[in-house]
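Here is the structure we will look at.
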Amino acid sequence: MKLPMSQIHTLHILNKTPEHPRFNECLAMMGPDDALVLTENGVTALWSTSKAALPKVFATKADLQARGLVAEANGATSVDYPELVDLTVQAKRVISW
Amino acid sequence: MKLPMSQIHTLHILNKTPEHPRFNECLAMMGPDDALVLTENGVTALWSTSKAALPKVFATKADLQARGLVAEANGATSVDYPELVDLTVQAKRVISW
Amino acid sequence: MSENTHNSFTLVITGAPYTTQAPQTALAFARAAIAKGHTIDRIFLYGDGVHLASSLTTPPSDETHWPNAWASFLSANRVPGVACVASALRRGLVDENEQKRHELTSSNLLAPFEIAGLGEWVEGNIKSSKTLYFHGGH
Amino acid sequence: MSENTHNSFTLVITGAPYTTQAPQTALAFARAAIAKGHTIDRIFLYGDGVHLASSLTTPPSDETHWPNAWASFLSANRVPGVACVASALRRGLVDENEQKRHELTSSNLLAPFEIAGLGEWVEGNIKSSKTLYFHGGH
Amino acid sequence: MTTLIVIDQAPYGLWAGREALDMAFSLATFDQPVSLLFTGAGVNWLRKGQTPDAIEQKSVERNLSAAPVFGIEQLLADEASCQRYGLSPDELIDGANMARGSSGLLASYTNVIFSN
Amino acid sequence: MTTLIVIDQAPYGLWAGREALDMAFSLATFDQPVSLLFTGAGVNWLRKGQTPDAIEQKSVERNLSAAPVFGIEQLLADEASCQRYGLSPDELIDGANMARGSSGLLASYTNVIFSN
């Protein structure tokens, strides 16, 4: 996998399911140069009816595997933890929801 | 305040705000002979746009006062803790959401 | 069943103090139930609720000390207070027996709370008129 | 900033082990950051996150012991691990100093974790390239 | 006395579901009739093929497979929630069945319990 | 460095908001610019007339009234959330102002932080 080389303004890290109020709050706050990573229970969103509302999205591989999911099948890019570190370095700032 | 003397089938105790997924789950599960008590942060629902969806409802007085609310103004019946005990005794069963 | 029927309760607390309001609401309920002549068969702490039984909790002096308030209630009314052993061990709550068994440096269970298994909760379910749950609000 | 820039991180953990996944995800992140040549300036435990620093946590032997795993990481990489004193005291996590000051029967802070104030967090905010938060999922 | 234990949180990110399962096992051990209802994000407990090795947790799928052996009567999956999380009946682990988590279903149990 | 601390939980039922406020006070003490945004159920922090004596807690309304004295720059209330919880501007405690909690607002701070 190749991460985007362009600068990310805000990296949003979202570890909540689509039913959690912070899930939609996060999506509403995303700017045009932002990126989204789904982690922990957040990865279930890729299989949910909420996935249509998602922008281009990353998801942590270990969390997908744990929950029996494969990211690529649903248009997301899976990242391992070193790649997650890269994303946080590339971003100007990080918000954990 | 006079509590209803009729038997309650299920008393639903709901301590979550309208944004929590269990809030709507609880409302959807209410049967015709059920009663609802809002406690803790649940009492904020009486002031929210979700209040239109509420059936006849009780709310704990101490929780209302703490949050600057008065139940009667919004069609709910406030109960103190002894009255909450009475409601649980009158009910055939109690579900805490 | 009328308001005057005698009821016995098992109260299950699953929210931690100083994180959720659950132990506070449960205590207000328990005091009101006793005042009305009902019986509290036992308090069962489960999940994060086990933190209520810590002897090391030290809130600022102008805040209510919920573990001590609960311990006083339990002693005054001879109500057994039980923390689930599986929840407790995972969360760092141990009595002297568990301290010895697992060779730990100390114990931190507040008397009169005890540590026991889910069987205590099953018994409550069967014997009490009602088993009520006090969950955290998150 | 490219992927190869050296960064320093302050990691804040606010979710408890065996209740949330936060300490696990944070440890996986911290290990990966170190492996990539970045620096972890400090770990700051806040709110329910302070339970990660308990010396009495005793999970079943076939489950990962997250406090011990974190303690090993901190020692091996000389990373300071700090639990917020206000969060810790309310939640029954105390070191020997706090034990004496508040006349408690025991202490339960796991080395090398320390107890300190929010000033440590503020310093992290100012000095680290990035401060990241690992919250519980509820 | 019949009990329905409800799990409405996704697995691995939060422990409450595991503790709900322990409650169900405990009731079954004491020969008390008990079933499990998975609803909301909780239906993600029932997806086949969970591999939590990389996050160092034990598989809840494996835990659940022991449920019938221990005497847990039913593993119910709320149908609307399964649709919301893209779970078709054939993707559910063995032993789980679709159900409508309506007030009618809940009314048929003496106790309905969440673990947190 | 400018920081926005976000409180999105109702008061008294959960402690996380209190711990978010402590973070804001701490930054202000060290002369770091900081503001608070109340959104979602968090706007209930800002309602006048809170009396938590009967639940044996300290008033968060009183805590908040000290915010300007300690150097916290702004108390912002998300407008849409206030409408959702029936809070008109004149019902807000002194010192709080309505704001649109949009991505534009968030983008103007170096750090945006939740306490849990």
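We just call them A, B, C, D, E and F in the order they show up, numbering each chain from 1.
Criterion: a residue touches a chain if its C-beta (ideal position, glycine included) is under 8 Å from a C-beta of that chain, and two chains touch if they have at least 3 such contacts.
Just so you know, these numbers come straight off a predicted model, no measurement behind them.
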Under the touch definition above, the chains in contact with both chain E and chain F are A, B, C, D
In terms of CA centroid distance, which chain is the most far removed from chain F? E
How big is the gap, in whole Å, between where the Cα atoms of chain C centre and where those of chain E centre? 26
Please work out the Cα centroid separation of chain B and chain D, and write it as a whole number of Å. 39
Inter-centroid spacing, chain E versus chain D (mean Cα positions, whole Å): 32
Find the geometric centre of each of chain A and chain B from their Cα atoms only, then give the gap between the two centres in Å, rounded to an integer. 37
So chain E residues touching two or more other chains come to 9-10, 12-16, 40-41, 55, 57, 111, 113-114
Show the residues in chain C shared as contacts by 2 or more other chains, in ascending order. 18-19, 21, 28, 47-48, 133, 135-138
What positions in chain B touch 2 or more of the other chains? 15, 17, 19-21, 40-42, 62, 93, 96-97
Chains that touch, pairwise: A-B, A-D, A-E, A-F, B-C, B-E, B-F, C-D, C-E, C-F, D-E, D-F
Chain F touches which residues of chain B in the complex? 15, 17-19, 40-42, 44, 47-49, 61-63, 65-69
Touching residues of chain C toward chain B in the complex: what are they? 1-3, 5, 7, 9, 21-22, 25, 28-29, 31-33, 35-36, 38, 130, 132-135, 137-138
Contact footprint of chain C on chain F as seen in their complex: 9-10, 12-16, 55-58
Under the stated contact criterion, what part of chain C meets chain E in this complex? 14-15, 46-48, 86-87, 117-119, 121-122, 125-126, 131, 133, 135-136
Residues of chain B that touch chain E when the two form their complex: 9-10, 21-22, 25, 28-31, 93, 95-97
